[in-house]
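First subunit A sits with subunit B, and in the next complex the same chain sits with subunit C.
On to the complex of A and B.
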């Protein structure tokens, strides 16, 4: 064992002399003449069947090679996609498809392609994890559970270029849903010809988006070129997107970027200081995800005590947390379950419905704590188990919380560090008092967050159960009137703070490097991110 | 005697001294210096070995640091000082009192368009970049003049003067409207030079020009913070702008503003506890086991030593994990006890082998045979002859086992198997420190220095003891 001592020192010596030379990005990752960019993917997409895709990398690729009925513009507003106009009311929706929308083999994109994709996604044997997102369509849930045949889906193909949808219940955000990956089209004859291998390789897919995939060497590289049949091809400037590298190692990606091999990489707490010393231009972007502390509301847990939760609420300062503990730029202090970018009635939701900010007040917190002790009948609050992930920063965050709880409330905290899968298992089985959790949006509507703590939601891991909350969620899901929905969500936001259901920590920001000559790249909170569809390379 | 006296008298009488035989010097057989015991001799030789002696003083110093240190340096090692995050070692600092921080709505120009009416090809950089208020470490508020055609601004902060547009530093944030012309920075602001840069954007893309302002925020503290840190009392009357001494951190602070010196002292307790108790226990067991096997020999020896070989083959890390589970050590609880047990249960064979070899050798020596013939019993032989003669080997094993155990603890805490936060150990402190090695080297340097020094001191002391306790080297100058 003594021998270990020497390798340890050797390793230290090897790491120490890191070069800080100024690295100039060469032109190879973004070539002006050919309008070609090179990327590194973090992971290999498991497969590219849009009906089954769940992960971020698949969403990124599919967002470039496919197009739904509707799409998002640079500002995140809904714009026409395959559908050139649409009408949505409380009972249903009608989409008129553009005549010049074509698949990459030149055949037109028709209404049947959407019907077929949606039916396939709902088939029980497809086992799509995102099938629930289609439940607002009439009979969708029954089809998915095998109670009705797929033909009963309340979608009608009026003609090749007209599609009507009947809703199960009124829904106020169907336009935003149809821009989601699961709603992308698939052509019946092609899908049947490929069978199970649909989406498994470049040749096993048909594309209707601005790009088409030409080459997919598994776990090595993936190539996309401009789709010459795309209806808006004149506004697509890039000729090719080459994902030549697939690596999860952020330091390897940073080195690739510095060597001029790729145009974009995300930085983390470990690599951003290197990027700074390398004098790279760092940018930041808010991912739209919210991170919070979730309590366990199962009966035998002391966190069911509201006064205890209130006491914690009044000592946790999200601003201090963001500025001093996270201490990387881009994060916003958490004030609500609803992040700032969500739209409200007319303006942003958070501007229309201000989130209450619990005052950081030690005396008040201790009052609550005393009440909690009386109610629980204990002299001292027993140690709380805080479940966190195993990233380097989450241990630091947990230690900060442990310090705050101990110093201000004299509550001991045991930190339970687990891998993502294990943490999810423990969350599901309820083996925690508090858990550091986060939620990223699926679609651009407030309900992607709002229904999180509904009693029926499986992602409500703490089993919070409040009939008022459930009632408000139902209003939010089924009402077609924006004002009614937002009022309900405003009330729901108030309950979340009032009842201290969660302690919002921060809205996540990321920092990244983007080749300075690549313009028009859009960072999105929902959909393909980063979005290179309308990007161009300047001289 | 009488004869010689007579002779002497006679010789003196005849004064024939030259022909007399020389006097027998009785004292010739006397030893010229006082008799030295084994230990006295060993100590004398150890004292001549400067390296070993210095190591001995370091070991004594460490013991004092661990035991007496916390009495002299009464700082809570878990107390987080968020005003002094990752501070390098420095002299005491002073801060000025400022108002409690209140939300700043910023400057939004009413008569300026939020979104540009037309996109310009070239956007100029903003002008008149200035601090809106006195910059303090609580908040830095900067403002600038709007740019026609801008749909927003990006704010950057760097620690050196930017050399180009690619060298602006941290992207603090963006303003998404052309008429929002101020920014408040509270992101871990320290009392050092900062270079703030502003770049205009059209709402999406940033322009290629920028303006930079150098700001040096004053170290500031609010009354609430000073109260919670115990720097002032409720009754103290302090005016804004008054200066106050901040807590002194001679070894700096870590990533949560905890005092490094206090943490090193508390960490030493865990590291040295494991480092001394575990080897002591397993060396004791090893002596007993090895002595037994060696002395009785034969089949018993063969069986016992094969069992020792079996234990050597057991993987330590796996057992460490198994013990952790077997003891029901839940998440977030200290793993020091299973670590101790795993070390003791798996560490003894080396000592046992060494002692056995030594005993095998000693028991065939002539003096043992002689003692046995004189009727000495087994236990007398073991206690009087064998153990003292193996003492040198035993002490040396012990001094080498101590650094090994300290290093094992450091290694296990480094990979997260050891102590649970907030309790520090030198190993876990290294683990935290290595993440910020380039930006805050002191967080790694001090615990690493302590581990290295301790391990080196015990090793050198062990070397010194080997030489000093070797009885064959005795009195050889």
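On to the complex of A and C.
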């Protein structure tokens, strides 16, 4: 036995030091004296190069350690960021940068840092998946497609603190775009010095936001401390944000929360019940994302038949779907492609332009169905393929729909469950009749949803093609007059319902737990969420 | 002996080559697109991405490039964590999985031998029945159940004690490793207990035990000196592959206990179709398993002089 034991122990002792550097763990998840909070991330941030980041975890981190020309306040209104003043008209924009904006190494943030970041994001070799968001800048699209040199980007550095932008076409929401991750700055000398490893580690990044990252142990922890060079440092109360845990498992995160190790965790259908029995105070918030059934409009599909789509529209009850199928608090029944939080002319868009609510009317639905059968020349509607993701909730939702379709309309539904990448591949190739899809906003303007079903939009996976829709989208994108834009979007909303282009299911809500002593946390539909930038810990 | 070792190593290299090729083919035949994400990209951006990852080349060309890079020990850059080399991912995270795995095997081996010996001594009596019942449980209940239960018990213990004595999740100190490695080792412990039990029962009827009894040796001495030492051999045989299996199979435990091990990458890469990470981790784990099997074969010759290698 002894002969076995010692080699074993030796190997253990040899390997254990290799895995150190993982030592961590603060005393309490929200420490008043040091103003430090501890978090759990759902996954390792895949990409902290702001020019290439696409996902939410990366956006969460980048939102805390970086700052764009403009930013959002706690109510989601645009406020000054690195730029203290700006002017935008239909042909272009000018930004005046504040003189006290600094990088985490103390050097000033200049206009060139923005020009450089935008040029780099557009370079074909960078292969940034979000480069399209810069396309409103003159020549941007041509640069990205390799037709023009990067220097031709219509952005001028007037001096260190003045930046002018010429637009490719007029755009009514450039201020909202500028707050987005892809528009964050990057410093030329630092970026070049780091080469391919830019963004790979804490030391391979430079920060200009309220916090700077000091440690990043991959898949284990990530530490951010207050950036002493940040221009508004006096209004930043937290000294450190420690993401000490990284796990996708929501039950593990709930256990960590209950054990007092983290200040925040998101709940799902399962952990929600546990949190209730633990008598935790559950809060809710709408993420701003909308989920819907999207039809396939490719010529050979029967879902091109409007009467069939109308029949489905009049039997699907979003209210019942939210209450019985989703069955967690926070979700709103889907009524429109445009979620309730989007701004309109003066007030919220959905208050100014009411979305029609199709009646749940079985007789009417069956009328439509009979018409559809005649038009399609069939006795019975052939089975419809419903493409869904492979999470347990997707399966549950699909089964509910299968039941409704069968019971109310005698239509058979074949559920096609696919993993994430396979589902996307099938959506893109058009291998479905209906697909359970969703959309989350990139920026705080109605156009982040509005252009989704334009004929040229690559995310329009069902290939809906309607010249009227396209015309309205163009108005929404290029007009500078809020009333004209919103009128166009109001009309567009009407077409979506009238033509039953999609069946809105729900606006996503999340339920979560937040440490009662952490105040000033902002939940956001766009940008870093949850936003701890202005948070503080009370006694 | 040398020729034998050499032959085994050569066979090992061929096996690893086979694993790499099979994985490469299987991976490329999985439907779905590694470069596709939630939001669609234009044909131009897509072409740029394909160029970056060499997916614009034909299948056989990609295979040749992969093989020549692999021979130089370079697995390329991850698709999902675009600034990280697969080599760095393996180097950073394998020691974590290995530490956890070895500790788990250590618990499993100690537990398996002790419980196995106990069941043999108390054959068909209450302790045997209880332990064998637990063994069946250990073999049949999947590790994610044990992991969740283990973590929940930690929360309850900490709640009872009023402060967190044992960390619920995370990595860094021995306290962090204790429960996850116990959970991870449970299945193997159950397996080894059964093996140990049957092996002990076989030995008990051997002539040399009778001789020892006839000589009047104390039962304790017989147990340790003659019975245990002879019965432990088959346990040793399975230990090698078990070490490999356990250090690679900790995905669920790593997820639940937020442990930054390689197992998470191994599984998530497949879900995300992260080609380079799939190849890197599979080839690495494959080579590790093959190496452990060869190692056990060779060690066997030393441990048991009755085994003659040709």
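Basically, the second predicted complex is superposed on the first by the 512 of 539 C-alpha atoms of A that agree within 3 Å, B and C clash if a C-alpha of one lies under 4 Å from a C-alpha of the other, contacts with A are read in each partner's own complex, and residues count from 1 in each chain.
The definition used in the following text is that a contact is a pair of C-beta atoms (placed from the backbone, for glycine too) under 8 Å apart; a residue touches a chain by one contact, two chains touch by 3 or more.
Owing to the predicted nature of the structure, the values given are computational and were not obtained by experimental measurement.
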item: When subunit B and subunit C are modelled together on subunit A, clash or fit; value: fit
item: Partner chain in contact with A:258 - subunit B first, subunit C second, else both or neither; value: second
item: Subunit B versus subunit C as contact partner of A:402, first or second or both or neither; value: first
item: Touched partner set for A:74, first subunit B, second subunit C, both or neither; value: first
item: Contacts of A:145 with subunit B and subunit C, given as first, second, both or neither; value: second
item: Touching partner for A:323 - first (subunit B), second (subunit C), both, neither; value: first
item: First (subunit B), second (subunit C), both or neither touched by A:347; value: neither
item: Minimum distance between Cα atoms of subunit B and subunit C in the superposition (Å); value: 13
item: Doubly contacted residues of subunit A, that is, touched by subunit B and again by subunit C; value: 1, 4, 12, 15-16, 18, 418
item: Complex contacts: residues of subunit A adjacent to subunit B; value: 1-2, 4-5, 9, 12, 15-16, 18, 74, 269-270, 272-274, 276-277, 279-284, 319-320, 323-325, 327, 329-330, 362, 383, 385-386, 392, 395-396, 398-400, 402-404, 406-407, 413-418, 511, 516, 519-520, 522
item: Of subunit B, residues touching subunit A in the complex; value: 78-80, 82, 85, 154, 158, 163-174, 186-188, 204-205, 228, 255-258, 330-333, 400, 403-405, 407-408, 411, 416, 420-422, 435, 437-439, 448, 452, 455, 459
item: Touching residues (chain side subunit C, partner subunit A) in the complex; value: 30-34, 36-42, 44-45, 48-49, 51-52, 80-84, 89, 92-93, 95-96, 98-99, 102-103, 105-106, 109, 113, 148, 151-152, 154-155, 158-159, 164, 167-173, 228, 232, 236, 255-258, 260-261, 264-265, 271-273
item: Touching residues (chain side subunit A, partner subunit C) in the complex; value: 1, 4, 8, 11-12, 15-16, 18-20, 22-25, 40, 44, 46-49, 52, 54, 124-132, 144-146, 196-200, 204, 217-220, 244-249, 251-252, 255-256, 258-261, 418-422, 424-425, 428, 457-459, 461
